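Please read the structure below before turning to the comments.
Chain IDs A, B, C and D follow the sequence of writing; residue 1 opens each chain.
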Amino acid sequence: MDVGVIGLGAMGSSLALRLVKAGDKVRVWNRSRGPVDKLAREGAIGVERPQEALQGEAALTMLADDDAIAAVLLDGGALENARRGLVHVVTATISVDFAKRLEKIHTQLGLGYVAAPVLGRPDVAAAGGLNVLAAGDAAHVHRVQPLLDAIGKQTWVVGTAPHQANVVKIAANFALASAIEVMAESIALARRHDVDPRKLIEVFTGTLFAAPAYKVYGPAILEGKFETAGFRLALGLKDVRLALTASEKSGAPLPFAGILRDNFVDAMAHGDGNKDWAAVSKVALRRAGLE
Amino acid sequence: MDVGVIGLGAMGSSLALRLVKAGDKVRVWNRSRGPVDKLAREGAIGVERPQEALQGEAALTMLADDDAIAAVLLDGGALENARRGLVHVVTATISVDFAKRLEKIHTQLGLGYVAAPVLGRPDVAAAGGLNVLAAGDAAHVHRVQPLLDAIGKQTWVVGTAPHQANVVKIAANFALASAIEVMAESIALARRHDVDPRKLIEVFTGTLFAAPAYKVYGPAILEGKFETAGFRLALGLKDVRLALTASEKSGAPLPFAGILRDNFVDAMAHGDGNKDWAAVSKVALRRAGLE
Amino acid sequence: MDVGVIGLGAMGSSLALRLVKAGDKVRVWNRSRGPVDKLAREGAIGVERPQEALQGEAALTMLADDDAIAAVLLDGGALENARRGLVHVVTATISVDFAKRLEKIHTQLGLGYVAAPVLGRPDVAAAGGLNVLAAGDAAHVHRVQPLLDAIGKQTWVVGTAPHQANVVKIAANFALASAIEVMAESIALARRHDVDPRKLIEVFTGTLFAAPAYKVYGPAILEGKFETAGFRLALGLKDVRLALTASEKSGAPLPFAGILRDNFVDAMAHGDGNKDWAAVSKVALRRAGLE
Amino acid sequence: MDVGVIGLGAMGSSLALRLVKAGDKVRVWNRSRGPVDKLAREGAIGVERPQEALQGEAALTMLADDDAIAAVLLDGGALENARRGLVHVVTATISVDFAKRLEKIHTQLGLGYVAAPVLGRPDVAAAGGLNVLAAGDAAHVHRVQPLLDAIGKQTWVVGTAPHQANVVKIAANFALASAIEVMAESIALARRHDVDPRKLIEVFTGTLFAAPAYKVYGPAILEGKFETAGFRLALGLKDVRLALTASEKSGAPLPFAGILRDNFVDAMAHGDGNKDWAAVSKVALRRAGLE
């Protein structure tokens, strides 16, 4: 396959490398030159401008958010100069409005567009265990399935309009933050009653809540070490905001997200913005006088 | 074992029957006579007054709440007339304050007291799949372990003070109601964006939230049939109130429980008090104009 | 008028004294003897048991809450031994359920019952500036109007069923706590933007919010001195709980009260339960990292 | 005074007319031509481009929001072409971030900038009763004081950095929406207890809450007629969002604003976006089953 990769962070670089090793022709672009050169030494084709990575059958954009994508692909005309017929896969967790805007632009330019945000932290990604939430025209999704397979262990096709994958991703992160919050509140309640919080989490993760969301974050909250950020708290607030914005634009109240918002703001005000987002659990403990 | 069972609802009756069949000497009492007679025909010893069921080595009380226990065991002096040395197992989801009061009374009377609330709906109970959350003096718990084994498939000992098991149970139900709420809000958000909510729940239960709480209630919410109440919504509100009361008494804010409270009140005001508590999900949909 | 006064705290004593000076025959009772003796020296008739204060045309009970009233008037049979035809005025902020129970009991005993909770802090009471919220049978209210006039500067008759006055009182305190909260949140927002919070409160109290609730509590919050409790924070939480209970029993969600509840619990957990309830404003500042 | 007025809605037109009648030289600009011609017939100088209204000593911009100001004054270069030394008064309720951006731009261009959002509905404006919240360099505020006097009955100078006035305005609208909400919740609670809600509002506005916020909106909520929008509900949501954004950017949680947000979203989802924002009160009633 002749494919481009734009955005060579940890995930983008590792993916590009995997594609090169699988024998694909891979053009890579990044804002800073370092990762490009490194991949070039492995057999990828380093390009100077983003549009050059958009001249194959497909391309993957692994940038952070709305602004980064707009800056790299729209402002400089990169997307306008993409090869007609290219299918463009965007993995970023972006706003629903921006996803809809991208849908329109791709259609106008004769490009395919598949949204493919992923579920999973860096360590899961490194182990090839990501879940890919994909949405887009069925033919487009089919075309890029090999790329999606290279990204994660499983693809969940959630709709034919790309923004639908972003909605599901936003909801999943909202539910994940809610799981963290409910454990934090429960732990505060337990500690205030002299219940060993490890017993509580043991019960949760051994019975009703025996799922990754709880098994990953329950022990993390108990441990209370948030210095190594798998996902930064400030980005967690960004994702809660994406949920609230989607809520406002569409007309669906999200009262839990309102509570989460305040707690993330509280955590930011206490200097925890760069810690792992599970540090938001400190708010429930602090409010209970336990910190 | 020489054991009493007080409260012969579905769970109490089925447990008593199991004990009889296992060869135990089982004295049974119930407010209404029907279930007593039925069990007597199976080999249990029907008794007239609750204290008569408290004359063996151990007894199990399977009543609904604080008030029922106070009425049956305290007001008429039944507990005062229990055999010294008896270990009393109480499975009800009761308030932390009442549990502490029971602790004191049992100690004063020279009785053992083990709190053993359970996790699981009637169908899980029927299949022997309950999880038992137990707390109490280690020797007492050890003595009644055969009874706990008869109740559920697994016992989780969470502490040595009985009320600690009630705290964990209250927290678990709070977390369960929160899982229902987060799915309801997410489904409202999805539907408002023309995302198939079944896809959303499929992703949730297939990835981060692959646990009973979500697998049981996700499809139930999608289905929207709440007429057969595994757990009545009005009782759900009672349990949220137990969490809020424990929060107030101990000094641990529980903002998610505040949101839940309002939604349960909203659901009650719309006539859904006797439906299954997953019907609280209708509130999120109604507020989004989707009902 | 031949009248009894039960409960001789600051407000009860000062009222009894005023009645004595106005020439009424006043029987007084209090749990502790001190205030009784003091008033007896001024011309009141000190009595030994509460029912002796219930033998005139009317009686005023100025006790703290549901429990105090039940202990003094119900448990010992005082109310049962009241003179038939007596009209009983109760000023306490009690729960709606207890007010309804009192309604029934009074009717059964052939007694009149007027609920008359008051609005106003001790300094307002001392200056004779209280507002009395009254409800009850019109003839009963008419009979005790002189007493109500002795309590406050103005009587607001809000209904013919006594508990209705309690509902209005509960709502007024809920609205008052909400005004404190909205000022606290606004001050936190202002300070985080380097706006002088005194300017903010000056605008609030000089324009849209030029009313006692804001003029009393705005400067108090700015000042930040809560040691002298006009109204204790722990009692404020009790009143928020009365609102929440009324909400649950009647089917009216109160989302603002849910937020207030958590903030009062937070304040209690930080040791401010005995401070003035305006100290709940510290929560908003603390959460914004401003304390 | 030689002054420009940009944005000739009801408020802008009436202000320009007042200035003309007071003998000022008034240049007027509006996106549509109608109001310009009308004012020209009264003696104002109609201009073709916004920058022509920025050639005097001072100018007033009375546009709706961030976007309108950016479109009219920034995108086309109008502000860049303003006369050096001009003091520019902006009355819009804009975001704090945009206000800060305007501060920088004005400083760079050698222009004065005074933020002067107003408090008051159209009928208050028509009666000359607006309150003006002003912030900016003291000399600049002094220079435009005659204009501020022409806008409202009183000017409240809240700081020397223009955005500070926007913060106070955002907080005031947040407090106003909260007052509406607290009355709505209280009315729902009262009605659920068969208390006449008019009695409740009579007590509120006659005692603790005897201020415009309650006196204007209390009767409006009771009346339930929201068809004539003094302030559209959709704009109310915009203002709540301004508060939430200011909260997030600065680090001050605003839990009441979270509740308001959900209720405004709920009201929008039920088709009330174009009604007066007091229609948000219908949410509390609907949730209590009262609609």
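What we mean here is this: contacts are C-beta pairs under 8 Å (C-beta built on N, C-alpha and C of every residue); 3 or more make two chains touch, one makes a residue touch a chain.
Values in this document were obtained by computation on a predicted structure and should not be read as measured data.
In terms of the distance between Cα centroids, chain D is separated most widely from B. Should one ask which of A-D and A-B has more C-beta pairs in contact, the pair is A-B. Per-chain CA centroids place chain A at a distance of 38 Å from chain B. Separating the centre of chain B from that of chain D, both taken as means of CA atoms, is a distance of 53 Å. Across the assembly, chain B contributes 247, 251-255, 259, 262-263, 266, 269, 287-289 as residues in contact with two or more other chains. Interface residues of chain A facing chain B in the complex, by the touch rule stated above, are 96, 119, 131, 133, 154, 156, 158-159, 161, 163-164, 167-168, 170-172, 174-176, 178-179, 181-183, 185-186, 188-196, 199-200, 202-204, 206-214, 243, 246-247, 250-257, 259, 262-263, 284, 287-290.
Contact residues of chain B toward chain C in the complex are 237, 241, 244, 247-248, 251-255, 258-259, 261-263, 265-266, 268-269. Chain D makes touch with chain B in their complex at residues 192, 255, 262, 266, 269-271, 283, 287-289.
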